[in-house]
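Dropping the structures in below, format is structure tokens.
Both complexes shown next keep chain A, but they swap its partner, so chain B is in the first and chain C is in the second.
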Partner chain A sequence: MVEFIEYVIQVVPKFMKYLPLTLEMALAAFLCGALIGLFLLWLEIGPGRRGGPARLFAVGYGIALRSVPSIILLFLIFYGPQSLFPKLGWGRLPKPVFAVITFSLIYSAYFAQVFRGAYGSIDKGQLEAALSMGLTHAQGILRIVGPQAFIVALPNLGSMMVLIVSETSLAYLIGVRDLMGEVTTLNARSYNVKTVELYFVVTMIYWGANAVIERFFGFAERKLRQGRGNAP
Partner chain B sequence: MNFSLGFALTAMVESLKGVPVTLFLIVATFGLALPISFSMALARVYKIFPLDPLIRLYVSFVRGTPMLAHLFFFYNLLPMVIRKAMFGLGLNGNLVYDLNPVWLALFVLLLNYLTFMSENFRAAILSIQKDQFEGAYAFGFTKAQAYRRIIIPQAMSTALPALSNSAIGILKSTSVVFVIGVRDVTANAKQVAATSYRYLEAYVDILIIYLVICFLITRIFQLAESRIRRR
Partner chain C sequence: MFEMRGIKKSFNGNRVLNGVDVTVDKGEVVAIIGASGSGKTTLLRCANFLERADEGNVRVGDKWVDVKKANKKDILDIRRMTAFVFQNYSLFSNKTALGNVSECLTTPRKVPRDEARRIAMEALTRVGIADKADDYPSELSGGQQQRVGIARAIAVSPDIIFLDEPTSALDPELIGEILLLLKDLALAGATMLIVTHEIRFAMEVANQVLFMDEGLVVESGPPREIFRFPKEERTRAFLRRFTSDFDYQI
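Take a look at the complex of A and B:
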């Protein structure tokens, strides 16, 4: 037991070097995913007509991306363009980029759902009141409905970020040297005798990082809710 | 462009051999998780003392850590522990190395999806109005009867869409168990791809397989939902 604790304390710093990469990949995927998700929501409820190509695309995209396992898409994005168009130099991009593309695409489908739910939870009267005050439709959405919907969406955005951080661990399967990749390296270097200790440490680091993220989102929600008694 | 249709077919046949394992993992995980996660949800709704905080900790742990790490962790830890325990009992512990990794995969999937499904059930039970219980008690139902006849049927119809999401989540999670050597759809496809360096075709194949299974799961839950709603 003492030996276990000593080893754990000794390897923690080695892993902390790789935590930033994991968090950067997650943050990039979160932001890109949210942007694509907003775009999908716009396609779905925006000016396009019902049953039109834009809406069909948004709905189909949502169904397809939510039913594909992340690693399959990760492998497809990593290997696909490389073998179809070998001259493009796709394979020379830094490997974390593939992970970011994959998780942005997958989570944009979930983001669209979250945003749609949040948008739907805001009373129609809010937009009508904004229009009657002389705001344009875009202004009404951006200044009145958007900020309220954002607060409603926050808890879901928080759990989405936690999920994305955990999912980035899959990136090591295409050779990214993040937290998970480092475990494999250290494991091989210690001749597979410290496997349990190493995975224990890495699990605790993910847990710690995600606990901080959850706290942050809880804090942000409380701050933004202040003085808005009517928000649910 | 080089996409070989012939190889895509060969790879498809190989990958399909993994479908029974994938389906077994989904059905076993979901079936075992149903009763356990429902009990966990009850323990949390009624705030039963040692269980409630323990389950909260457990849910936070599973939500905050990657399943990939659980897989590797238990793949290395469990056989060691079981082996020691079996030797302690005077059995031949080395038998543990003959264990099919499928059981470890099942254990880890269960560990993960128990939390998600218990949250599904908890939300569903909490969504039932208090007067439903009061009405049942007023009719002289015991607590057990009230649950069996009044609460569970209503909670089920709210929980089903969320449970269907969890089932699809299980399907998607089964695609990572190849890392501990389970011969599922992904493992077969990867192997066939690696022997000929044709990854794209194999991955397109399993993409199709997963889409079909996902479609089937969605259909089953839609049917179940319409049956429950009709009552």
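Take a look at the complex of A and C:
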């Protein structure tokens, strides 16, 4: 047991240097996913949309992407274009890019749901008030409803970020040398002698990173709500 | 000068407005009364295109708009010449009292920030809550919130203010002070089209009263005529409920 702990403590710092790549991939996927999610929501409930093709596309996209296992989409995106259109040079892109694309696409469907829920929770009387005072629909969303919905969405966005950080651990399967990739390589190279120790180490690092992320989102929410009473 | 001509509106085949005409001259107050479901709110909402009427014309100042042909710019123009006070206030909860007012100046009307703050402060002073300028709506009482709603409306110097039962959501003891404020605005020359159940207020402040029933203006005229000598049976039936109100004045 003592030996186990000593080993873990000794190895943790060595792996810390792979954490940035993990976080970078996660952050990129988070931001792209959120943007695409907003776009999907706009397709779905933008002004004057009632059951049109845009809405249909958004809903279909959501269902399709939410119900494909990430690992399959990752393989499809990594190998698909390479084998179908080898001349495009798709394969020369850095590997983390494929992971970012995959998780952006998948999580955009969840982001759309999170944003839809938050948007729905804001009383639409305020949007009508904005319109009646001469703001355009876009201005009403950007300046009045959006900022309030954003605060409502923050806790869910925090959970999404944590989820995406954990999901990036799949990226090693296409050869990304992130935290998970390094541990897996090292484990193989050391003939699986320290398997438990090694995976315990990465677990701790993911825990630590995700704990910091959750605190950050909690802090952001409190900060933004400040001075606004209990209203969102 | 504000006019609506031949306004018709259906919801899912259900006729709610049946060809309504309204005229409000500059500086005039016109009160709309009528039973629940008679289309009063819908009429006001059609006036500034929160609801799009099926037929009819709307005029604000020199701008005539055929509701069937109105494009985004027409609608925006009409909205920027008018203001709306809501029954449930509908303040922006992410903005302070001051922010609620100045937002209506800076974003849609491109008034510079400092200028907007000055005008907003003036409006808040006029409705008597300058000291609450930095409070958020959640920190204000209903009466104070409606004052902000009214400040928002007067700050943009509209050609006309639409008010939909501005005191209906208020505690009884707060109704009087808001009505008094509205009366002051009327005396100062504001043009208003107001849906209200406050008969005494209408009697005292309105130049003209419209009685609506089933999507039509059934009877209209000066308040004293409508309230004391209603011609239509439907008006009489409606007013019977309020007879006790005639004994005193605000």
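Heads up, the rule we're going with is that the second predicted complex is superposed on the first by the 227 of 232 C-alpha atoms of A that agree within 3 Å, B and C clash if a C-alpha of one lies under 4 Å from a C-alpha of the other, contacts with A are read in each partner's own complex, and residues count from 1 in each chain.
To be clear about the criterion, contacts are C-beta pairs under 8 Å (C-beta built on N, C-alpha and C of every residue); 3 or more make two chains touch, one makes a residue touch a chain.
Everything quoted here is computed from the prediction, not taken from an experiment.
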Clash or fit, chain B versus chain C on superposed chain A: fit
Which superposed partner A:P13 touches (first chain B, second chain C, both, neither): neither
Inter-centroid angle chain B-chain A-chain C after superposition on A [Cα, multiple of 10°]: 110
Contacts of A:V162 with chain B and chain C, given as first, second, both or neither: first
First, second, both or neither for A:P94, with chain B first and chain C second: neither
Partner chain(s) touched by A:G125 [first = chain B, second = chain C, both, neither]: second
Greater residue coverage of chain A in the superposed arrangement, chain B or chain C: B
Partner chain(s) touched by A:I144 [first = chain B, second = chain C, both, neither]: second
Chain B versus chain C - smallest C-alpha distance in the overlay, whole Å: 25
Overlap of chain C and chain B interfaces on chain A (superposed complexes): none
For the chain B and chain A complex, residues of the former touching the latter: 1-3, 60-61, 63-70, 72-73, 76-77, 80, 168, 171-176, 179, 186, 198-200, 203-204, 206-207, 210-211, 214-215
Residue ranges of chain A touching chain C (in the complex, touch as defined): 123, 125-126, 128-136, 139, 143-144, 147-148, 227-232
Residue ranges of chain C in contact with chain A within the complex: 48, 50, 76, 79-80, 82-84, 86, 88, 90-95, 103-104, 107-109, 136-139, 152, 156
Touching residues on chain A, where the partner in the complex is chain B: 64, 66-73, 75-76, 79-80, 83-85, 159, 162-163, 166-167, 169-170, 173, 180, 183, 195-196, 199-200, 202-203, 206-207, 209-211, 214
